[in-house]
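Order as written gives the chain letters A, B, C and D; numbering starts at 1 within each chain.
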Amino acid sequence: MAEAIAGSVHDGDTVAIEGFTHLISFAAGHEIIRQHKRDLTLARLTPDLIYDQMVGAGVARKLIFSWLGNPGVGGLHAVRRVTEGASASLELEEYSHFGMVGRYTAGAMNLPFFPLRSYFETDLPVANPLIRPIRSPYGDDLVYAVPPLEPDVAIIHAQRADEQGNTQIWGLLGCQKEAAFAAQRVIVVVEELVSEDVIRADPNRTVIPGLIVEAVVVEPFGAHPSYAQGHYDRDNRFYIEWDAISRDADLLEQWLDEWVYGVAGRAEYRDKLGDERLDALRPGSSPSGSVDYGDYR
Amino acid sequence: MSPPEPVEAADFSASEMMIVAAARELAGRHVCFVGVGLPNIAVNLAKLTVATDLELVYEAGVFGARPARLPLSIGDPTIVTRATAVTSMFELFGFYLQGGLIDVGFLGAAQIDRFGNINSTVIGDYAHPTTRLPGSGGACEIAINAREVFVIMRQSRRSFVQRIDFRTSPGNLGGADGARIRREQGWLGAGPSVVITDLGVYHFDAGGVMRLDSLHPGVTLEDVQGKMAWQPAVADRLIETAPPTAEELRLVRDVLDTEGIYTR
Amino acid sequence: MAEAIAGSVHDGDTVAIEGFTHLISFAAGHEIIRQHKRDLTLARLTPDLIYDQMVGAGVARKLIFSWLGNPGVGGLHAVRRVTEGASASLELEEYSHFGMVGRYTAGAMNLPFFPLRSYFETDLPVANPLIRPIRSPYGDDLVYAVPPLEPDVAIIHAQRADEQGNTQIWGLLGCQKEAAFAAQRVIVVVEELVSEDVIRADPNRTVIPGLIVEAVVVEPFGAHPSYAQGHYDRDNRFYIEWDAISRDADLLEQWLDEWVYGVAGRAEYRDKLGDERLDALRPGSSPSGSVDYGDYR
Amino acid sequence: MSPPEPVEAADFSASEMMIVAAARELAGRHVCFVGVGLPNIAVNLAKLTVATDLELVYEAGVFGARPARLPLSIGDPTIVTRATAVTSMFELFGFYLQGGLIDVGFLGAAQIDRFGNINSTVIGDYAHPTTRLPGSGGACEIAINAREVFVIMRQSRRSFVQRIDFRTSPGNLGGADGARIRREQGWLGAGPSVVITDLGVYHFDAGGVMRLDSLHPGVTLEDVQGKMAWQPAVADRLIETAPPTAEELRLVRDVLDTEGIYTR
């Protein structure tokens, strides 16, 4: 991971660590903090705890987002500290969920804009002049457009990939695929490295082709406290604990010292969490069953 | 089926009353866009009572969820396992919501005005807010594309305001012109149809203005007036919300939220 | 099938029987011919043999398409007879593949248009004035737009569905999903009706939700001579035979008499083909393997 | 590796020469958009010889195909089984092709002009054609978005024409202005780079005009001139195409097209 981040993430880059609740690469976010990256623009529909930690650690100059919060718990306090009041210092570029999805999609498709039926009669196009009206060439329909978003780096956590980076995901898909295709460089972080044969057995399950992947990093529990469908549950306890930690800048700094700067990497973080806590997150089994692609020769 | 037992007002919480009132409003609806928390419980209660055919679409990309436990986040893995379909957000927002398949969307709000316009972005000035709220998420497009919108929120002078600080999700706009503008601009949604608070239930009149139709048991009109920044329109026949039945409470407490996470 | 077609397909409708080589519902096309539907507008990227047969049988008034041929063999002769020369009588509305995909996508998403980087400096926008330029609201970029296509009926063949119409497909996906979401009514034809439990075991495999499905028809080998991944191979022999049949209007009529009008439905068609021919199309096995969604309670 | 044996011109067919010449042109290319037929064999031959890292993207939605037999149609199930990824056509055309991941696209043509503009739509008038051809399929967007385009076609006075009847896929447009227009309009593709026929191999000069660079063994300049409707530009050093090596022929005949479906 250290090598992948050092090689692909540079100061000033636009970075997208995507994942809607599911498969958020906390491991990559922590490594970015450890490497003291600066002036990053962080893009993500739901900045979530990982961006709160990164903002708290001072790596970010700007957020591009659609929903800013600790889902089910409350606000992102490190972000609030630098966005509220006269001293607001973090730049915000704000859309709706579908606007962000449209931005990644336009980026992936090399389109100059993506049209959507949103934003009518709201203050969002006022707050963000990049949200612009566009008229249909078929009659009078006016819709809104968002511009393409092409991150320098997309970091995608997944259940498994092969060495070439052919990556398979099941469960919530968010907009990881769109973000990856939109990005200049893609880092894939997986629970499990598998042989090419495992991937080739079920090609419809492949979400990201190795073609666009720059690095594959193996990091079991690399999404914790987010989750990986079938591997472990979301650690909701930490989402609640973070509320108190993040309300106090000193506590947050202590937390970073202990859990990010204080560990060499994810293996140490896992050890520190301990087997008991991690084992408690493992779900029972619910197999997909197998389908037959047929052998045609 | 035996007739529902009467239940005393003291026997349920304000959150439980909100959930039950919201569930009842879902009678006759077919497809519902679900967020986590109170709406999730309300929708599941409706499915067990007044709207057994209700189809649930979760914002996270899940259709036909069959959660084995109460989902604790909007993307809880329990809504994925044994669902009928899991989709990308492109498809969820594009094909399901913007495509016109959603009958009812639920929204919360930090501020609402009498026309049902909603702010969930900032309190104060946008560039230097006193409080930075989460922002739209999907709310903006839900307000525009869901056929109708249910709002669930607690009521206070700070939340029921004369003028919202930022319009995140359009409601009936300036009131009487709302329906016309929605039609002319080709929106799929007719806008907010009901607001359920901890004090009562509101619908909207022909002019697009919120009207108090029902007070929850034990709540007075004065209580309500004390917790909003305008003088509400009141129904000619203001009624008392029927309290939760024993069966409704049993379902909420013993089936949907056994740990009382959202309902105490 | 007879009931589903009678209930959902009306004279004058726009009908999309989609599928890119894979999963083309010949069974539905033949039933439409048997029921003497008239004045249909037939939409499909690749009209293929099924639309050649339907055009030959006189059900169609118009084609909306992007590639008109018998893939790997040659032309569609029934279509050519009514599109060449002075007596051309079949209306054509012509796009490129991506234009057709964009049309269905705009239909599925309720967008007034879909933008794409195609058609520059070609004669296609001249031949089809529905292909129109549109300027980006971000600078000078000019791209082309296609209008939404919302068929009255989409007919989708699939490997399996449950009784509610929750439909799973593996192998080539074409633009069946987009066509189905764009359509007013959807008929799903499957190789196999399965219990809801089979579908729910692997929700990421579901391509079309029961929510938008009007009828589910069970019709094994219903895609023959097209194919169903894992179930049977494409019957390439028939694609070659069709070339000679379709070149001669009388031969084509005889073929329709024997294989369409002359059979009550797909069961009789299968019997007529015979087990030997069908068995020869069955592939060996190539299982996908199973993934674990996890049981979270 | 032993040096390739010389092979006599009589030992191979015109199709085999086209396949071998096309495969050699793929040296140094990384990602190729594949159609069925001759291009499919050429691309697979290149992967076994001059471009072992070549990645194949099939129009039907397949990346990393590993066909167990020669695909007989563009959507043959054998390209799906044991591929690394299978995608929708939305994604294939949107993310792979328009997204700029394709280095080389192959096109066939019914008519081509000296600037590499291609017609695969109609012969004659569009509304009442003498011959109705298949139309664009994906050719139009391949011509615009693939970084470069290889054209494979048989040559005759009816196919190498002064003026094409319909421009389905843009090449170098009017010639010298082609590159400028492509750049100004933001096209990803630089246009056609090579035309491989049954008689020879052409590239394009700085003015965007097709130039004969190589004659297949046994073909004369007069043969070529007799099968095109304009006087071709000819390379200063017109060479003879190196005939297929024994190894190239072995691969084509014994591995890629064992039944000789496309190569006889």
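The definition used in the following text is that a residue touches a chain if its C-beta (ideal position, glycine included) is under 8 Å from a C-beta of that chain, and two chains touch if they have at least 3 such contacts.
Note that this is a predicted model, so its numbers are computed, not measured.
Should one ask which of C-D and A-D has more C-beta pairs in contact, the pair is C-D. One simple way to say how far apart two chains are is to compare their mean CA positions; for subunit C and subunit D this gives 28 Å. Note: centroid distance subunit B to subunit D, computed from Cα atoms, is 58 Å.
Rounded to whole angstrom, the centroid-to-centroid distance between subunit A and subunit C, based on C-alpha atoms, equals 37 Å. The geometric centre of subunit A is 40 Å away from that of subunit D, both derived from CA atoms. Residues of subunit B found to touch two or more other chains are 62, 76-77, 80-82, 86, 94, 98, 145, 186, 188. The multi-chain contact residues of subunit C, meaning those touching 2 or more other chains, are 105, 110-112, 116-117, 141, 170-171, 173, 177, 201, 204, 229, 233, 283, 286, 293-297.
An unclassified topology is adopted by the chain contact network, corresponding to no line, ring, star or complete arrangement.
This structure has the following touching chain pairs: A-B, A-C, A-D, B-C, C-D. By the touch criterion given at the top, residues 31, 55, 62-64, 66, 68-69, 76-78, 80-86, 91, 94-95, 98-101, 145, 186, 188 of subunit B touch subunit C in their complex. On the side of subunit B, the complex with subunit A involves touching residues 36-37, 59-62, 72-77, 80-82, 86-90, 93-94, 97-98, 121, 126-141, 144-145, 166-170, 173, 181, 185-188. Contacts from subunit C toward subunit D in the complex involve residues 20-22, 45-46, 65-69, 71-72, 75, 79-80, 83-86, 88, 94-98, 101, 105, 116-124, 127, 141-142, 170-175, 177-178, 227, 229, 233-234, 236, 239, 283, 286.
Residues of subunit A that touch subunit C in their complex: 110-117, 130, 132-134, 136-139, 141, 143, 145, 147, 159, 168, 170-171, 173, 198, 201-202, 204-205, 229-231, 233, 283-297. Interface residues of subunit A facing subunit D in the complex, by the touch rule stated above, are 105, 108-112, 162, 164, 166, 177, 181, 196, 199-201, 203-204, 206, 209-212, 293-297.
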